[in-house]
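In the two complexes that follow, chain A is the common piece, with chain B as its partner first and chain C second.
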Partner chain A sequence: MNVANNGKQSKLKRTLNKLLHARELTSIIFLVLMFAVVGIINSNFLSVSNLTLSLNSSVVYTIVAIGIALVIITGEIDVSVGATLGMAASISATMVRDGSPTWLAFSAAILVGALIGLINGIGVSILKVPSIIMTLGVNSIVRGLIYVYTDGKWVENLPFDFKTISQSKLPGTGITLIYFSVIVIAIIVHLFLNRTQRGKYFAAVGDNEGGATLLGIPVNATRLSAYVICGVFSAIGGVLYASRVGFVTPISGNGYEMKVIAACVLGGVSMAGGVGTVIGASIGSLIMASISRVLVFIGLSSDYDNTITGCLLIIIVVFDAVMQRRNAVTARHERLRARTGNVNLGGIK
Partner chain B sequence: MKRNIKKLIFRWEFALALILLLEIIVFGRLNPRFLKPRVLFGSINDFVSICIISLFVTFVLITGGMDIQAGSIVGLTSISIGVLWNDFGVNIWVACILGLLIGALSGAFSGFLIAFTDVQPMVVTLGGSFLYSGLAMVVSNLSEVEAYKGISGFPQAFLAITKGRINGIIPFQFLMFVALSFLAYFLLHRTKYGRKIFLCGVNRKAAEYCGIHTRKVVMSTYMLSGMSAALAGIILTSYLGTAKTDLGKELTMPIITAVVLGGTSNLGGKGTILGTALASLVIGILRFGLSMSGVNTQYLDIPVGALLIVSVAIRSVSSNDRLVSFIKHRFKRSYQKT
Partner chain C sequence: MVISNPAHSEKPTVSARSIHKSFGSNEVLKGIDIDLYPGEVLALVGGNGAGKSTLMKILMGIYQADSGRLFVDGVETKINKPSIALANGIYLVPQEPMLFPNMSVEENIIIGFNENKAELRNRLKDTIQTLGWELDLKRKALTLSIAEQQLVEILRGLMRKSKLLIFDEPTSSLTFNEVEALFTMINLLRQQGLSIIYITHRLNEVFQIADRVVIMSDGLITLNAPVEEVNHEILVRGLLPTNIEYQENKICSIDINRECKPIFEVNQLTGYGFSNISFKVYPGEILGIAGIVGAGRTELVTSIFGKDDIINGKVILDGEDITGLSTHEVMSKGLSYVPEDRFLNGMFRISSVAENTTASSVDSLGHIALNKKREKEITNYFIDTFRTRVTGCEQEMGSLSGGNQQKVVIGRSIATKPKLLILDEPTRGIDAAARADVYAIINKLRQDGMAILIISSDMEEIVELSDRVLTMYSGQIVAEFNREDVNHDSLMAAAFGIVGGKV
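For the complex of A and B:
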């Protein structure tokens, strides 16, 4: 914003344009604004302990959002993440409760997540079932299997060691170790998507499937891997969920798919595919996780949680669409003006 | 080409009818009580809301849209009727009409955003599902009654609309479903408006150039699905005798399942009311029959999900144009040789 004070109109305009173009920045500004407004109303909200708590409580959303963002970037959708999360949570929790070491439970959960992702991926990319239908079906199947596996009972009495995994803090700060690792994962995935050839396939497939095919990009394999990664991340989210909450019910993770998709959208990931970053998705998850805390601090009942979420989602998305359309129109006008200018000059040629 | 498509669609609905028949026979074998007309027809009480809403969500999907907010509109309507009647002293029938209006408005709001801002329908209706379920909570807070209890004690006349049976066998809900199916069929397949909906789904730009107000058409489909959700909310409230915020919470997935299983393409431009109606019955009867044969209710999601995936996978593999034309080509050539 320092640039704005220089007074140069064109520079200001360009900076503003850039700001509006960087989709995560919109959500960052929004996040800061939300925290600032709530901080003015109730200064306790901006205390360090509360801020770190907000960060820490968004960890499950964040890891799942990273996974689903990959799928959304390839232009597909995965509504089975909630069920995958619940399944992984149930499996890891029962294994740990029955005495297995944590690493074994963790790998079992990841394996199951990868398997569910693989099934989704095969259905979508090879059998060509529309992704919403495929994952919807898998969602209900896995939901049912959770009941079969847990017999409809709660998994409780998890060992203390397992629960402390999510509580151990990074030395010197209030941030938990797992949140830190999730952020590291987000950065790694971000670099993978933006700096490696294979990573760029994801956006290419989502942006223009036909073009990607013509360029020789393995479209099916890319989609398949997106689903598998999404399954794995949802499974990790499930283990973290079990460790954080301390018990698992058969309906654990219900509705997570919608919340996580909302988080992605809030973070600027376009549902049309090809546009968006996992960093944006992480910020969106932070917004999603903060809303209920914000309500508490403003002094509203948490009944308003869904209303606010819905309003936010609609406002951000509509604002984004209107801005994009305006940008497109200005760009077209500029192009047109440039072209007609050329025609005038072109007479000499 | 056109005849081929027509044939394919016909075949799919034929297959659905066969599945339905098979279900009835199999479940009848497993449990003879299932075949009693009173039980068989009465089963629709459990899933009539899915049937009604999916009829009109079909419209939305044909325009190339997606509607995942219908479930939350059911809850919003239900609690609104309850609060209007209980705390504001509004006549129950007036409350029902206001409920329908609320449903239409909710649908129109999302439809407006979808049609006029070009945001993806899935995103707007996702926001809508949060918004309307949240509003339902807000509305329930207006009432003196605790939200989790739900509002009950409605007048007998209101409760009676879903309790009646013709000849003691066919429940009113079934008649409502049939009547609405005819209405939807007429709207979609027999009117100009229906043709416009199809054209919007096939090629929105072409429709625009033909002088169709595609935005209005798209918006109206969401309004219709909102109204059908409101109607389902009224029926559910009357049937259960309680107005609650979370009545339609679990409906979203079955509705989409029914519409897609009925042969409607989620890319738009393809679909029939008959298919949706049959598919919603197939799903409903499957769940009902399995639970009557002693399967735990919580396991019922597994066969429904499997049915959805398998049927769509088979259809997508068999309607793969390249594959079909390849086979045809081969067949033609060998035929010509002999």
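For the complex of A and C:
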């Protein structure tokens, strides 16, 4: 009885320990501090309605951040997510405006997202184009196609039914159904990455590509699927965007790549690959979505939004890089020291 | 032991037939035939560049052979990627651990298995218990010491139900007890009928664990015999290059005045990868530092050159203390270093020969605008004296052959007019003719009174060039030879940690 109890306790202790050392903890503390400080300056910020609004408004960032987090964890990057989002938003919006059922518009958007992801994935993992170049090119192509597709015009007058999708709330709360669904998706992806053999390949590929190859892990296929999933999630983000905003312009989704990359980094996803969770990316998205609201509440112009995002991004990435370099040097020194053994100068019997 | 009987009753697990492999113009494997039998531990020994690692990478599907055939259980198999090797039951425990630093030990070991997780965990715990190793499975791999990382790599190999298990120098950083435990485990695997390749630089281990010994030298198998039929002496001899010609046109000996002040002095120097190193170099003297890769030679000179920290000791150049100075300062004091890996550290591929020649002495070409005429003069001087084969001083560096690139890089170091020149593996990967030219250059510099430090894994080169030789092993100097007593055998033995000819 006692032994079992002890076992339980140590398990609890271990879980607690794990929580305390999680990289996500830093982002949660950051989030809480941000809300606390702004709450002191302006108590309205901590009202239930504002808190739920913050959650609900982060939904598009969150879904796209989950997608891009997968790519970053494999050690690559995708800067075409904003364009993919814009394309998916334009397609789904024009389709529902012209009378297509929502499910069809949704499916079409996802298909296009998957296709863009596939192109990125083939370029990066098969043709070995550096991911920043490949996705920057694709970003430009897709942006151009949006203009061609929409004739450069706004897509407006979306049906009421389509717009209410993003408004319906979970009974008894202020949280929207779609935010709730996105959180469920985040948890599913999290479990996939951490509990399944295939899922662990993503971090393995980003952590040590050479080691992964040696163990027979399908490095190219893993990267390719990360890009396809990222494309699909960006497209879902696009549909949600259209539904939430109610209209789509040719520049919709501009700059989203920057926001979601910052969200991932804030949530503890390492740009070097191999480290990070989609839960962290979701928390980061919440922070990113709240920053512009914070500015309003403390009486600053929301024009500072992008500047602050950029600063945060650089500070965290630089900090991360410095820590990694230090670890690498220490590891190298330790390895060399281990080699310097005691020599048996007396020869061998 | 039945297994070591050369008349094998069983069929080989894996066979290789006339494996050839070249990298560029450098032929690394020149037709390798090898059979690996179940229940047999085969020790593979050989000097650096003998082709051991290349052969293992071919078995593992990391490299593909240019020609030759591989058989698994008698069936010809194309192994062109690691996943095929793994599917055929071949597993390589690499020399440098290839772990996932951000995963736990347990995740690192069981990743890539398609089995039930709980079962895997139990099997892992059993294996660790049998070995008696202490390893916290929950720790992250990046917190492990190098020895612990090696344990994890070995566990990965043991957990695979392999037919052929390859260990590439598994014990280089393990403690005595850990090595004992590993040997117990290898014996167990041998009884279970596994075929094992054991690569090592520690000749003692060959007698402890192996049934059969294969020596590779210069891309060929020079010895393949049951372990009972060999001894230390045969092993050391087998490690030598196959065709040694004692060229008596050794460098004409100059009388070196060792009474005078040394130009360069290292005093009880300790850093990362070497410890307690002391030596002196006199003007007009060539000091060779011999040793195998990983002995700490490159770490020693790069630390002297200001690229890494020095923990303790002193470096004195021409009476001046240059310990711990930056690379730039060390160079301006008169020390020049030609690095081991030209491609990585030594040259600017897409720049011209002229720019490469003057890259280190660019300060002397004028302070604001570069004196192009002077640059050309210097370059042509070195092209002429070194007999560098180029179309002109504007030719792109990357289009030169390896030997000519090396001449340009040496020329650049000398253009700074150093007091001490350090050459790290000066003739690696260049052909015989260019090698002779490089030797002539070194000889000429020495006659001009320059002090030269040469690092080489090529024992023949060391014997041919040096006035005095130090041998490093495990980061320490284990032996010193004068020109009169230096020979391949004693040098090779010392490089493998056997000192005083006691074999």
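Here, the second predicted complex is superposed on the first by the 291 of 349 C-alpha atoms of A that agree within 3 Å, B and C clash if a C-alpha of one lies under 4 Å from a C-alpha of the other, contacts with A are read in each partner's own complex, and residues count from 1 in each chain.
In this text, contacts are C-beta pairs under 8 Å (C-beta built on N, C-alpha and C of every residue); 3 or more make two chains touch, one makes a residue touch a chain.
It should be emphasised that the depicted structure is a prediction, and the values quoted were computed from it without experimental measurement.
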Q) Of the partners chain B and chain C, which touch A:218 in the superposed model: first, second, both, neither? A) second
Q: Answer with first, second, both or neither: which of chain B and chain C does A:89 touch in the superposed model?
A: neither
Q. Which of the two partners, first being chain B and second being chain C, lies in contact with A:110: first, second, both, or neither?
A. neither
(Q) With both complexes overlaid on chain A, does A:208 touch chain B (first), chain C (second), both or neither? (A) second
Q) Which partner does A:313 reach: the first (chain B), the second (chain C), both, or neither? A) first
Q.
Applying the document's definition of touch, where does A:283 land relative to chain B and chain C: first, second, both, or neither?
A. neither
Q. In the superposed arrangement, which partner chain does A:145 touch: chain B (first), chain C (second), both, or neither?
A. first
Q) First (chain B), second (chain C), both or neither: which does A:340 touch? A) second
Q) Should A:197 be classified as contacting the first partner (chain B), the second (chain C), both, or neither? A) second
Q) How about chain C: which of its residues touch chain A in the complex? A) 60, 62, 81-83, 85-87, 92, 94, 98-103, 107, 111-114, 138, 142, 145-147, 156, 172-173, 203-204, 232, 272-275, 294, 296, 299, 309, 473-476, 478, 497-503
Q) In the complex formed with chain A, which residues of chain B make contact? A) 66, 68, 113, 117-120, 122-124, 126-135, 137-138, 140-141, 147, 253, 256-257, 260, 265-267, 296, 298-302, 304-306, 308-309, 312-313, 316-317, 320
**Q.** Partner chain B, residues of chain A touching it in the complex
**A.** 77, 123, 127-130, 132-134, 136-141, 143-145, 147-148, 152, 250, 258, 261-262, 265, 270-272, 301, 303-311, 313-314, 317-318, 320-322, 325
Q: Show which residues of chain A lie in contact with chain C when the two form their complex.
A: 14, 197, 200-201, 203-204, 207-208, 210-218, 274-275, 327, 331-349
